[in-house]
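Letters are used for the chains, namely A, B, C, D, E and F, taken in the order the chains are written, and counting of residues starts over at 1 for each.
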Amino acid sequence: MQLSTHDLACQRGDRRLFSGLEVCVRAGQLLLVQGGNGRGKTSFLRLLSGLGEPEAGEVRWNGVSIASAGEDYQQAMAYLAHANGVKDDLTPVENVQVQAGLRGQRVSCAEIEPVLVRMGLAACLDLPARVLSFGQRRRVALASLLLSGAALWILDEPLTGLDVRGVAEVEGLLREHVQGGGMVVMTTHQSLQLQGVEIVPLQIGPVMLGQMSLPTDVAERG
Amino acid sequence: MQLSTHDLACQRGDRRLFSGLEVCVRAGQLLLVQGGNGRGKTSFLRLLSGLGEPEAGEVRWNGVSIASAGEDYQQAMAYLAHANGVKDDLTPVENVQVQAGLRGQRVSCAEIEPVLVRMGLAACLDLPARVLSFGQRRRVALASLLLSGAALWILDEPLTGLDVRGVAEVEGLLREHVQGGGMVVMTTHQSLQLQGVEIVPLQIGPVMLGQMSLPTDVAERG
Amino acid sequence: MVWQSAADFWAMGGYGLYVWGSFGATALGVALEVWLLGRGQRAGIKQLQRMQRWEAE
Amino acid sequence: MNLYHYAAPAAFYGLAGRLIPWFAWGAALFAAAGLYISFFVAPTDFQQGEAYRIIFIHVPAAWMSMFIYMVMAFWCAIGLAFNTRLSFLMARALAPTGALFCFLALWTGALWGKPMWGAWWVWDARLTSELILLFLYVGIMALWAAIDDPKRGDRAGALLILVGAINVPIIYFSVKWWNTLHQGSSINLMQAPSMAATMLIGMLVMAIAAWLYTIAVALVRARGLVLARERHTEWVQKIIKEA
Amino acid sequence: MWRFLMTVIRRDLLLAARRKGDWLTAQFFFIMVVSMFPLGIGADPEQLRRVAGGVLWVAALLASLLSLARLYADDHRDGSLEQMLLSPQPTVLLALGKAIAHWLIFGLPLLLIAPLLGMQFALPLEAILVLVASLAIGTPVLSLLGGIGAALTLGLRGGGTLLTLLILPLYVPALIFGAGAVDGVLAGMGAEAQLSLLGAFMGMSLLIAPWVTAAALRVSVD
Amino acid sequence: MWRFLMTVIRRDLLLAARRKGDWLTAQFFFIMVVSMFPLGIGADPEQLRRVAGGVLWVAALLASLLSLARLYADDHRDGSLEQMLLSPQPTVLLALGKAIAHWLIFGLPLLLIAPLLGMQFALPLEAILVLVASLAIGTPVLSLLGGIGAALTLGLRGGGTLLTLLILPLYVPALIFGAGAVDGVLAGMGAEAQLSLLGAFMGMSLLIAPWVTAAALRVSVD
């Protein structure tokens, strides 16, 4: 299992965000994408997910361009964007169920509930997501990520809106997933506690002062 | 000149944000409103500005309720919200001119341009605001604040989107305004360098760990 | 007595469809409103209980 | 005991709870009496045959649809003038019933129109303005449904209701002039047959039943709204826990 | 006061001039809806003539509602509505100014387009003149009453449809008198009565609508 | 695949059931617009009968456009559209499912309302049946073609009006055949020819529209 980019370039509007980007992640690795606001982290993740179209180069899954891998790749991949994809009018359980259905999977309530409870949502299983706080909605999205069974997680700032406990939980999930042979590609502006996880750092855009410290920081602790 | 609140209470949706709030600012003082996200800082400033309706209590200007003071108060007050009120399709000069017209004032281009230049916008006086960066638009709004001649400034996070130089400039403006006998009510999540300014700190909502340090921090340096 | 027989009553002098259509629709509307009201009331209290449970956490 | 006491939500909740059964049973009683008069006391009309019995439901429904709108406008004016939250709740509680009666007036009118005029519908002033009244009801309820913030919803709805209240008479007269200016209406619609006393009594009894029903239903609805609005107060928390 | 009113109007005209595409859509919508009818009801000129008044007027109502949906929405989003509400000048003037500006942008061009469309419907010259007169008196009503709806539905989801639902019933008298005037002249009965009733309705809207709009703006912004 | 399609449809129906107010507005818009016409063109039953088909069909077009403006917009805003696009299932199915759901929510109720409105226009029973039949065949066309416009205008300012301008011309054949069928039966010429042409148009839309919508979605989300 391997995700790699080959001479990848990205253009937004009339700005070239990056070009000639080559990077490779294998099972058991976490690719940490870094860079300041507006550098193109989100744009890069969208290219990886297949939502965006590269200006040049291509993204390969097990050596095959993701455009040709198509369904195989989408089956193996789950993407969590800035926006959660959680519908305000559905309950957490319904949200997760619908998400699974959209992936072509069928999961029963009995499977969903323990996961939601694990994410700390026990008290609001049957409330519409509208009354949940931002962080809680994020957890609903993470729950359906867990249930998707995807090997590759692409996470765009999964920690935003989470409180200290939530961050620790997500770190736990990440560690578990990577150490169990999964792959993660993610961005975050916060620092991570990921002991025992093999981290591949990637800097997007020009390197800036404050940010240089982070990768080493993580790597040291990691 | 004095702005005071009496037994002020605020409710948003079905949540009571604060109640029984009593505070008083005089000429030459800066009221620094603090509190975590969603505590009600913005809601408090809206009550002060007269945009919001208090659940109980009242805001007084020179001892008269602002509802009765009406035009007098609005003449003396200028409010800068999260949103700038800058129109994308107008140039900075036109924006400032329109703002002044809406206050019933007439200012000529000759008066406006130096202020915009002072705010570091010399290069984009006749570009539509659409092409300006977020921080530059903020400066346009600050320019019309300066030109309004209001004695009381109510500023909701005036530093967001400003770079280091911009922050220093705003600090300069604040110092000048307060020391010249003006009044400021403001919130910010950043720390301020306001030597020689009399700061009245106000904590909204329950006190949290990380925030307690800020007021003393400011006061010490102030 | 206005009516000779029950059948007579239901026929309404040939206007049964219209008369019973009117009264029936009214009965239906009132019944529906009362039913919805009762259901909404119970659902509302249940929702409030859930919210309370949730906010208590 | 003063009136302001009952303007307090908790007191209102209790009082309404005690009053509802009275209004509900009263409504049932009057409805039974009214139906008895409609079908067994009132004689057959020699012109319209039995079809005229629709009047016992049609006229009260039409009256109610208009009265309820006026009552809503009244409560909204009070609410805006004195900032009393309960008055907005009353307006909210009344609207669905008003819309129901409006619909019933249209429906029964149409069913009456077919045998009488040979058409389900004609664009007569009264019919048209009743239809527009239904639109107003629907618009108001849609506005409430779209606004999540209760306070904003109350006030926005109140403003719309009041504007509608000014406009309804204008609409009525404009439609009336429209029809007379265009062409003479071939049938003179609402020329009530010289009404016999029994018919009048029957209609009045049914109208009273409709009133009592409306009050009962509105109070139930208002109680629910009060609970939701005041859910952070102690008395509501206690009620919820016990329920 | 005068300066304030003029500023509001000039500002909206300036903005409209900068984004021509935006306001032309309402005019095109009008033309399109009117042009749909001959396709739907057949091309018999006699029949077209008889329905012309009604069709043109209904299309004008719908086009006005479509353009009204954004009367306050853009200003609300970028914060300039708040600035206008905080002006020392009365909000009623703001509402009035916005309605006048909307009429200048929307209603006035309609008067120029209407004769052309009237010809498509085989209207005689006299009827076309009355049509234009009725639109001249009637379209201000649309801008005024529609402003109420625009203010009430500010920032709501699905605001456009909702606006239609709220305001269309209130437009009825304008429709009846306006279309009635055209029909009256076609029937040889003259249009004075209808036009003067329409004028009375316009006068009443002018008296009431700005106040209600101002109140609605305060409610919606809170 | 089947599960995916069903999930998409069921999800939209569930969401509609949770927010009744939202989709009822489109139906009421239809009723209101239709009811405005007699006020505009006069109450003569003979004349009303002759324009009924055209009026009802134009109103159906407009109502569909209004409700379509939000077909993908809400999902786009909360990120669930991206999730659906990343599903291993083909996007065409998504577009098809959304169109079917829209038809169930919008078109089906229209078929129930139309007879009542037909009575208001003094249509004979036979014509009412043909009207319902034409709507039954024609409204799917509206949902299908409209989906293209909804996908193209995703996230644009003033999307609603733009959508109308783009899609109304595409609707013209449906309008001509649909209203023509009603007129045909009134003129005693039968409606089979028109209805079968309408059916052919529907079949064609069914074949083409989902593919175009899918492509448009990919473009708009990028």
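Quick notes on this one:
Note that in this section a contact is a pair of C-beta atoms (placed from the backbone, for glycine too) under 8 Å apart; a residue touches a chain by one contact, two chains touch by 3 or more.
Remember, predicted model here, so these are calculated numbers, not experimental data.
Common partners of chain D and chain E, by the touch rule above, are B, F. For this structure, the chains sharing the highest number of C-beta contacts are E-F.
Using mean Cα coordinates as chain centres, the one most removed from chain B is C.
Taking the mean of the C-alpha atoms as each chain's centre, chain A and chain F sit 38 Å apart. Centroids built from CA atoms put chain B at 38 Å from chain A.
Taking each chain's centre as the mean of its C-alpha atoms, chain A lies 49 Å from chain E. Between the Cα centres of chain A and chain C there is a gap of 52 Å. Across the assembly, chain B contributes no residue that touches 2 or more other chains.
Counting partners per residue, chain E has 157-158, 162, 165, 168-169, 172, 176, 183, 222 as the residues that reach two or more other chains.
Along chain D, residues 135, 138, 142, 146, 151, 175, 178, 182, 231 each make contact with two or more other chains. Chain contacts in this assembly follow no simple pattern; the graph is neither a line, a ring, a star nor complete. Touching chain pairs in this entry, ordered by label, are A-C, A-F, B-D, B-E, C-D, D-E, D-F, E-F.
If you check the complex, the residues on chain D that touch chain E are 132, 135-136, 138-140, 142-143, 146-147, 151-152, 155-156, 159-160, 162-164, 166-167, 170-171, 174-175, 177-178, 181-182. Touching chain D in their complex are the following residues of chain E: 148, 152-153, 156-159, 162, 165-166, 168-170, 172-173, 176-177, 180, 183-184, 189, 193-194, 197, 201, 204, 208, 212, 215-216, 219-220, 222.
Across the complex, chain A is touched by residues 47, 50-51, 53-54, 57 of chain C.
Partner chain B is touched in their complex by these residues of chain D: 148-151, 229, 231-232.
Interface residues of chain C facing chain D in the complex, by the touch rule stated above, are 1-3, 9, 12-15, 17-19, 21-23, 25-26, 29-30, 33-34, 37, 40-41, 44-45, 48-49, 51-52.
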